[in-house]
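There are two complexes below, and they share chain A, which is joined by chain B in the first and by chain C in the second.
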Partner chain A sequence: MVPLPKGVWGGTTPAVLAILALLPVAVPSATLATEILIFAMAALACNLLLGYGGLLSFGQGLFFGVGSYLAALAMIHLEVGLVAALAIAVAAGAAVATAVGWLAIRRTGIYFVMLTLALAQMGYFLAYTLSKWTGGDNGLLDVPRPPLALFGVELASLDGAYAYYAFVAVLFLAVYVGARRVIDSPFGSTLVAIRENEARAAAVGFDTRHFKMLAFTLSGAVTALAGALYAMLINYVPLDNVAIAMSEHIVIMTIIGGTGSLLGSLLGAGTLVLVGEVLSAIWPRWPLLLGVGLILLVMFLRRGLWGGVESLIARYRRRGEAAE
Partner chain B sequence: MLNLYLFQILNGLGLGMIYFLISVGLTIIFGLLNFVNFAHGAFFMLGCYLCYALLAATGQFWLALLAGPLAVAALAWGAEKLLIRRVYHLPHTFHILITVGVALILQESAIMIWGPIGKSIPIPEALQGVVAMGKFAYPKYRLFLIGFSAVIGFLLWLLLERTRFGALVRAGSESTEMVSLLGADIYKLFSLTFALGVGLAGLAGVLSGPIRGAHPFLGPEVLGIAFVVVVIGGMGSFGGALAGGLLIGLVQSLMTTIWPEGASLMIYGAMAAVILWRPYGLFGRA
Partner chain C sequence: MSAYILETRDLALAYGGFRAVDGVSLRVKAGTIHSVIGPNGAGKTSLFHCLTGGRKPTEGDIVFDGRDVTRRPAHARVGIGMARSFQVTSLFQNLSVRENLRLASQGRDGDRALAFWRPVSAGRAHLERADRIMERLNLSARANAAAGDLSHGQQRVLEVGMALCGEPKLLLLDEPTSGMGIDDIPVMTKLIADLGRDHTVMLIEHNMGIVMSISDTVTVMSRGKVLVEGRPDAVRADERVRAAYLGEAG
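On to the complex of A and B.
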């Protein structure tokens, strides 16, 4: 067997490249493929916190919504271009996530989860209250999707569904490779050490709160990027983008895919978006089936879909070895 | 002007007692079972709808007040036996996941049965009108709400502090294993406690029905508020749930006179303040 290349371009990265190339052909529309990547990005960010840091955050919807609103508002009121709008969203997401992290990591365990949920709910009411800016219940309408331009030079129009998909795919790849680098870095290892035993990590001399907060900052930045891209995809920011249901959605995707594996996040987001797309056309009450699915997952597939795939591969390999 | 504040303080007490009933259920369950019920808000929502349905079918509010919470508790008892007890030994993430699943099923079922638009619930005839106290008049139903939930709170306190069941629950909160080794049927205790806690959320739902009506998406909002109360009061504490519930109810109600749009926002501000000031809550232990 040829040894797989090491580093960020080895391992699972070629598989992701293949998926990115095939996705728009494999699913019914490029728009749907784009939506999958956007939510995969959000799930990836959630996975960084949950799978590697052991931090179950129900604040992800808040970061997603902050990204959506700020990118949209910057484009509408300040008339900034694509790159600037995304940069604003990322910066705002990072800032809000740092603030939420700063408050929430004062508590651990279940209190931490409840705090993130309560703070996210606060963001929801804030968006609802500031209806002059956010459109409140009606959502923020007419969000533009400006062309890709650098230093005033227009490089490409993103109006076409495939052009926008390509743009989002490049960003996704960058996030994926970046996330792998983070996980392989000393920072990532320290995060895992904190997840496994926080007291020990602290005793060894790590400032665990500092690391947790930094994980929040990163996660918030990526989630806000996803939120901004989503607003440009549907040209609209519904209030739902910042609701608890969005946080749940992102957490569910992450866990369905399987925590602790970045590829799992792509799998989880793809599965949930596709199943949602197919079922919601047939039966508007399909979240009921999602509820049943969650219960079945907890009962039978605790490591998520990716965990299921891994054990299938392991079984296949064992059978292969036995045959030899 | 003073009357306006008195009015809002009474409103706040009523709201606070509703929040107390929701949160004390959540907290009892967590205390004994070390289990976080993310479906708590959905069970509250079910209580609202049962109030609507029982009132529409029979016209008897007292029947709704009795049968509604019992039905919710019975459902919770069944869910505990069928699903919840299989995951006690797993990490909190799975508790959350399975109860989010249950919440989704409840929410979507409510939409299937009663439609996606909320229902308003009439105030029962015997409790319509106002009570006049000199120049000051206050709605009868809201006074009843405060009194009734205070009685329920007192009975609950008696149950937890003065009965064998309560002693087992409190002892189990300290050490489940010890209680089990002493010969108590711990699984039966778990089922009953889960049903009791969720039943209290159902009761709060029935009581709040005539004021706020029933809506399929009430669950997440109520869950958020219950979490705020519990974070403020400290998990597993009866007094904490009462103090936290009343504090949040009063803050929300008084804010409606000062800054109506921001009333819901302020309760989260209050929570953030408590967290900064006392990270373990007003009554919590480290």
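On to the complex of A and C.
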């Protein structure tokens, strides 16, 4: 037998590879598959804060919006290429998230959540007010999707839906593997320790504020990357991208999938995007059903969909052992 | 270097208008076991909070190992050699015993744990220290059990072990036997006496058996002040100490 790969390439990573390969044929369109991966990226970033750090941030929509706007504006006004636009989005997302984190972590619990909410709301009104740049209510139109080029050499056009899917899938894989490394690092383990018992974490020597801030920085960077990819996907930045509802959307995906599990974030994003796609065609009031679904989930599947899958696997295994 | 590893001068901590610590000056000699006793509410835990940085004293100063640490935050005292255990057990309940100790070892290096690109397994020194201390605490058989699943006595032992992982010069233990059954107490007594051989230990304890048998110096606190200080036998015989404890009972 071939030994199973260890570390970040083992565990759930092969499952993610399989999902990435099957997704565009399993769902109705490559565009939808791309949307799933983009939101899965945002959920993954939210999970780092919420699932591992125990930090419920409503700033995620702000980071997503910052990524969308800055990548779009850089491409439109500075005519930068794909890689530079993404890099700008990532840097801006990291910077904004660091600032939000720096302020919000001065408080804990409900006050912390309120601070992230208030800062996100400020971002929204700023985007609304700067309509000369952002298009305000109408959104920012005609966002290009440049070809993939490095050092002026064009490597691939991303105009086709499948080509763009492949590009996003590669980035998603990188983010997923990177996130697994982060979770399994001294930093990730300390984040969990802070979630478990902040007073003890401080007493054994950790400056907990530094760890929370770094969690924000990383989360903001990845969320902004997702925002930039989304703008290129739909060639447009709606004001909704930076709204509180976007934060909610991302947080709900993370919780539905299961906090504290990276694969869960992919599951949560996939479920929400697909359900939204199917139900919105049938019934425009579908978010009502989403509310009901969320209530059921919180009451009966506290660890989210992935938690449910895990207990099914465990039960199946136990039955297998009993049969032997 | 002075023979005293810790010195406080006129230390005070007020909660609102109430002075829980009220002008405490004491000196802890390096390499000794120095106990702090006193009736409930005497201000022992509050004194520890000041010494370890959990709370900022309202007056006075603290010199540890030759430097003024009065305003230094709690996390920054670990790196210079202070570590504490809590009167009310404070562990990472859902994490394994080994992970608790590994994290505590990692804490000694402070911000170096921000390395998010490195695998945990690369911090071999932390893992080794955790395993060594687990062995010393006699908890190796429960290495992978969640800390919250240990018996109360084992949790108290782990609580002390967490402080030990900081490889401190000064170990501050706040009532390590609190809530422990009579059967577990000898284990803890032996552990503390044993730790006293490699560390300076400051010990808050209500159990007089332990205090009198292992301490080099005993400080008696009452109503935020130092009442008496001396060798265990001298303190035991002191009238004022008796009166303080009786006063509490009556």
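Keep in mind that, in the parts below, the second predicted complex is superposed on the first by the 321 of 324 C-alpha atoms of A that agree within 3 Å, B and C clash if a C-alpha of one lies under 4 Å from a C-alpha of the other, contacts with A are read in each partner's own complex, and residues count from 1 in each chain.
Here is the rule we use: a residue touches a chain if its C-beta (ideal position, glycine included) is under 8 Å from a C-beta of that chain, and two chains touch if they have at least 3 such contacts.
Here the structure is a predicted model, which means the values were calculated and not measured.
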| item | value |
| --- | --- |
| Which of chain B and chain C A:T134 touches, first, second, both or neither | neither |
| Contacts of A:N241 with chain B and chain C, given as first, second, both or neither | neither |
| Partner contacting more residues of chain A (chain B vs chain C) | B |
| First, second, both or neither for A:A199, with chain B first and chain C second | second |
| Which superposed partner A:S57 touches (first chain B, second chain C, both, neither) | neither |
| Touched partner set for A:L115, first chain B, second chain C, both or neither | first |
| In the complex, chain A residues that touch chain B | 50, 56, 103, 106-107, 109-111, 113-115, 117-119, 121-122, 125-126, 128-129, 243-245, 248, 252, 255, 285, 287-288, 290-295, 297-299, 302 |
| Residues of chain A defined as touching chain C within the complex | 7, 181-182, 184-190, 192-193, 196-197, 199-208, 210-211, 214, 218 |
| Chain C - residues contacting chain A, complex | 52, 54, 73-76, 78-79, 83-84, 86, 90-95, 99, 102-104, 106-120, 123, 162, 165-166 |
| Partner chain A, residues of chain B touching it in the complex | 30, 36, 83, 86-87, 90, 92-94, 96-98, 100-105, 107-109, 111-112, 220-221, 223-224, 227-228, 230-231, 235, 261-262, 264-265, 268-269, 271-272, 275-276, 279-280 |
